[in-house]
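One chain, subunit A, links the two complexes that follow: it is found with subunit B in the first and with subunit C in the second.
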Partner chain A sequence: MVRFVMARLGWAVVTIALISGVTFFATNVVPSDPAKVALGKFATPEQVAAYRLQQGLDRPVAERYVEWVGHLAEGNWGTSVLSNIKVTQLVQPRLGRTLILGFGAMLIAVPLAFLVGVYAAQRTGKPSDVGLSLTALFVNSLPEFVVALGLLMLLGVKIPILPIESSGAAFGSDLQVPLAYVLPMLTLALVLTPYMARMVRANVRDISSHPFVRSAVLRGLQPTRIMWRHIVPNASLPVVNVIALSTAELVGGVVITESVFGFPGLGQLLVNSVSDKDIPVVQAIVLLIGAGYVLMNLLADVAVLALNPRLRT
Partner chain B sequence: MNGDGNLKPTRREVLVYGAGALAALSISPLIAACATGSSTPSGKKGGTLKFGVNSGKSTDTFDPARALTSMPIVGGGMLYDNLLDMDVNWKLTPALASDYSPSSDVKTWTFKIRNGVQFHNGKTLTSDDVKAWYLHVLDKSNGPSGYGILHPILDPSGITTPDPTTIVFSLKEPDAFFGVKVAHYTLHIPAQGITDWVNAPVGTGPFKLKSFQPGTGFEVVRNPNYWQSGKPLLDGITCVNIPEQQTLVQAVLTGDVHVSTLVPSSSYASFDGSSTAQLIDLQSYSPFTFDVDTSIKPYSDPRVSKAMKMCIDRKKFLNIIFKDRGLVSADSLIPPSDPYYPKDLQPFPYDPEQAKSLLAAAGYANGFKDNLWTSTAYPYLDEAAAFGKEAWAVAKLNMTIQSVSNDAYIAAFLHAPIVMDYYLRLHPVTMFEQYYASTSDSNTTRLKDSQIDGWIKELKATVDVSKQQELSGEIIKRYNDIAAEIVPVHFGQYAARKKKITGLKINPMTDYDFRETALS
Partner chain C sequence: MSVAETSAAAVGSRQPSRLVGLTSAVVGLAEGRIGVGIVLVFLVMVFFGPALAPYGPTTIGAGLADVGPSTAHWLGTDDLGRDVYSRLLVGASSVVVTPLIATTAAFIVGGLIGLLAGYLGGPFDTVVGRTLDVLLSLPALLVVLVVIAAFGSATEIIVLSVATVYTPRVARVLRGATQGVATREYVLAAQARGERAIPIVLREVLPNIGPTVMVEFAIRLTYAIIFVTTLNFLGLGLHPPFPNWGLMVSESRNTLLINPIATLAPTIAIGAVSVAIGLIADAITRTFGVEQTSALLR
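Up next is the complex of A and B:
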């Protein structure tokens, strides 16, 4: 198992290195000029040229990449070419908030998906199963911003119990801080739950037909015990990978959700930086997202290995 | 649109001159110090106001010379002061300058620095601080906005400080409107030697910075040593960025946010029916334009440009794009409501048949093709571009809409033949210098006309108000006749606020003046 984990870790490092290279070159070959964005449309060519020189934008891409990797290895993420602020200063506070948001959403979505999936699987073909399946399909088909605006109108405007904008996460005090997370977290959880719930339902149904389940029934075990001690753990294995893959969906969801609620996180910074062609900031965020995705998949592999003894032999 | 590709702060950004200077000069060249700050605000003290914007960028900075978007510009009004303040009627009042006076030829301007004004770090303001900042702005490498305002009329050597409370500006040419230039937000006066504009900007303003996260928001707290006694009333202000406009609107309607920047016209009706929130008229009719290149064919042919103007049904344009909140206009960057707008000037009539005849006479009976540049990065541009495309199609002018990203849109300015654009209301002389003058780098219609240039120079040199109005009228009429620029309407601008806020004043530079604002 240790060898397997080490091998996966090695591949993870290679993948992250590839992500960094692709990100750097992709963001540097797009036909745009951050100097123009920084100085505005009426900046003179001399001012633009001076700015490019000052920010090192006139040097070859490969040279800048090598320098960037070198600095990265020293823990220096570079400086925003537009604001001259260190990338770490821009990213760090937002990263923390976005991680809380993402993990919080997962903490809601995963148990909810299991509850809904198991409940539906136990009632296969009945109206409650059909109703839940249709609801899951419907919610799954809604874009994130529709879910976000729907929750905003419901819990922020019609039943005004939650703040409809999330600036409290950065500038709030006391209860304002946790409350600022609620609506974006619920949005992400709602977006993530349906697909996972459907996977749980399908796997629980599949495992329920296995001989060991019939044998457990015949031995007179309680249905609840059979479900939660025998069926669900076995049905969870494929779902673990689905949860890891949901990280990608989570990233997309975070970008949109943060914009809708004005949540001061990494997604909003990414949108701004892409729009302004602030390449060092984009590189840092994309690299962090890529690393997060790789890490989640690595953890999923390890979790599956831990849950399934047959894979360890 | 402003000089930086940002639509919202345009009025603030390029407002350079003001009629206040005219009014003041017409009374006397020696202007007595007004009682700025002597009035005692009556609102309840205390509380923190939440101010919502939707254009926050990670590029936001409290360097006044580089501030481009709403957040740092509005914030600049909280942290800093100018030598002079200016109100929405362009009236100037002394601020950090307790007194100011131009020479009889309006070529030399002397400002007396107010005694006892302290920066947030406790240092006393002197004329050297003012000189240092003006020299900073006059350095081209420190950003185009302030440089573009000052360098045409002022050299670094033209600034002298005979004593710590006096600064003298010897201009390169007469400028009756210099008083208004010093009220521009790029000429907010920070303390000398600031290098960290995010964490440690220091000014003399009514509030001090507590924290700032570019693109996210900032917090300011009351400056207890503010030179205007009794102000500000608020304990502090928290400015937050809410990119989604509908969320910002709902945040004001539900009371999460006390005051916002501009709200979209689609949400006006929501405020009409609200008992807790209302729209704020920013008292600014601003030109919405098709920037057409007058210097190239076919647009350099007056018959073609006139035909294009006559294809636009301006009333319909105003109704569809701005829900009738604005004014139909001749092709002038000065609104019809402005006292300098000539009363007898009418827009070219909507007449597609005559437009076709004009095009045929110019050799374009079968029309022509071109690209129309616009961007989703700013509101209304795409809708207006679609309107123009349909209108011109009647005369066989086939426009392909290029709706592009912000940077591509900015790159199109002064290069592409037709670009959708809008400006914010400026004093006429501002508009003339920035957008009508042949020598201006911001002349988006690329008109070069010696007669207009001569009139602008004459206008700046005279202190006779009636002469100024006459010259302004001539400039506006000639521009309407010979520039290919199309200005179908001037649109009204509205922000939003909770009704319970008191003492909120409109400021032409920073949108708001929060010094007398109270949460009651």
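Up next is the complex of A and C:
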């Protein structure tokens, strides 16, 4: 077991190293010269040369990469080229908001997926099951921003109970702050649910055919009890992996949803920084989101291990 | 399919009969019919859209700004008085061309890698498998955003980056499907005839995993359309005044409250196209019973 956890941990470190490497080299190799980005179109060759010398850009890329990683470890994440504000200062308040948004969406999506999946499995082949599976297919085929705009039209415009724009998460009053989270969170939850629900349904159906379920039925246990105490716990093991896989979708979804609603989180800052070619900020956010994603996968692996005694050898 | 049809199909040449069989099977299902119907309407828009458009797609002031539907402007006008219906018609091709090229490229490269890895096995397969695992652990949107931040958002860059991100995903699915048929008799027969690896995977393996390939292609194409439209919506990629659907949504979003149809029309159009291709993929899955769980993830 220790060996397994160590292997997964090594895997996580390799992935993070790869993300940092890809990010750094992609943003430091031609054609996007950081000096030209920082100084703009009208910089003279002399200015570019002076900037390169000042920032140490004349040294080999590999050497700068090592130095960059060292600075990251010390908590020096560089300075925004655009606003000249420290990256840590820019990122810190947004990180908390994005984490709340992501975890909140998962907290809605996972129970919802179980409810829908179990309901559909109990009614396999009936119209309600077919309807749910078509709805899942439908939602799964829609881009996140379409889902976001649909919810916005419904809950912000038709029935105006929620703010149509989420900058209140940063500057709003006590009531506006939580309200600003609702629409982005619902959007993410809605995007994440179909795949998970489909997997829950498949696993519940699979487990239902096992002999121990028949014996529970023959012992005269209540159907609800059989479902939630006997079938669902056994069916949820593979779903843990699915939840981990869904974090990849969550990563993309967060970036898009935040941009749609103007939610002041990491994703919105990332998209703006990509448009502005504010490379230090892009690097920092990609690393942070990438690390969070790797961490979620690691947690899922350990959770599967903890839930399945057969793997603990 | 009845017995008579099957034998008739078997008498004819192999390739067309497969396609005919597939088409009739897909259209036989209600969801397949809906999907094919929407895709046909969309194709008409792609090929004849520019000819059918009543106004120029970038003509400012074709009508009053932000007016709802009328006989002159079927879908109203946007905030610059441009005709939404004309923009929708002309913009259709930009929605599908970039994703189609990217998906095709991913299938040519990733498909060949997956076929060879699944067929050859051994150390080559181990190396490819491990590499795929590493590449798949990188979130797609992050990779593409880093590439755009570094190299800009020209269409070539977007095609290349989306193709790169999808290549390992395609390779993994086709590798798995190939492993399933690699030890069948017809493959062994081809090996006994002394054929080389690439002809074997292309002529023996590929036709026999056809349904899996088609489902994966349809699903990948849907996700590529979603991906590229999302990039356009985020302002990365095509630039105004180009009549791209994703751009139209983000441009007219500010006037959502005054004139919702200018935002809703392109939004619904995007949704309809991606859902339609998803429906076709689902219909193929149902007809052939293809495993598609791995492909469901974006």
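Throughout what follows, the second predicted complex is superposed on the first by the 282 of 313 C-alpha atoms of A that agree within 3 Å, B and C clash if a C-alpha of one lies under 4 Å from a C-alpha of the other, contacts with A are read in each partner's own complex, and residues count from 1 in each chain.
The rule we apply is simple: a residue touches a chain if its C-beta (ideal position, glycine included) is under 8 Å from a C-beta of that chain, and two chains touch if they have at least 3 such contacts.
Note that the structure is predicted; figures quoted are calculated from it, not measured.
By the touch criterion defined above, A:Ala26 lies against subunit C but remains apart from subunit B after alignment on the C-alpha atoms of chain A. In the superposed pair of complexes, A:Val157 makes contact with subunit B and with subunit C alike.
Once the two complexes are overlaid on the shared chain, A:Ser141 sits against subunit C while remaining clear of subunit B. In the superposition on chain A, contact of A:Ala180 is made with neither subunit B nor subunit C.
In the superposition on chain A, A:Glu165 makes contact with subunit B only, not with subunit C. Shared-chain residue A:Ala50: touches subunit B; no touch with subunit C. In the superposition on chain A, A:Ser83 makes contact with subunit B only, while subunit C stays out of contact range.
Once the two complexes are overlaid on the shared chain, A:Ala189 sits clear of subunit B and of subunit C alike. When the shared chain is aligned, no partner comes close enough to touch A:Val110: not subunit B, not subunit C. With the contact threshold set out at the top, residues 32, 149, 152-153, 157, 164, 259, 271, 273, 275, 277 of subunit A are in contact with subunit B in one structure and with subunit C in the other. Those residues of subunit B that touch subunit A in the complex are listed here as 1-6, 50, 52, 56-61, 68, 140-141, 143-145, 148, 198, 211, 213-217, 219, 238, 240-244, 246-248, 250-251, 253-254, 256-257, 377, 405-408, 410-411, 413-414, 441-442. Those residues of subunit C that touch subunit A in the complex are listed here as 31, 134, 137-143, 145-152, 222, 226, 229-230, 233-236, 249, 253, 256-257, 260, 263-264, 267, 270-271, 274-275, 277-279, 282, 293, 296-298.
By the touch criterion given at the top, residues 32-34, 36-44, 46-47, 50, 54, 80, 82-83, 85, 89-90, 93-94, 149, 152-153, 156-157, 160, 163-165, 167, 170-171, 259-262, 264, 268-269, 271-273, 275-278, 281 of subunit A touch subunit B in their complex. Within the complex formed with subunit C, the subunit A residues making contact are 14-15, 18-19, 22-23, 26-27, 29, 31-32, 134, 137-138, 140-146, 149-150, 152-153, 157, 164, 195, 198-199, 202, 245-246, 248-249, 251-252, 255-256, 259, 270-271, 273-275, 277, 279, 282, 286, 289-290, 293-294, 297.
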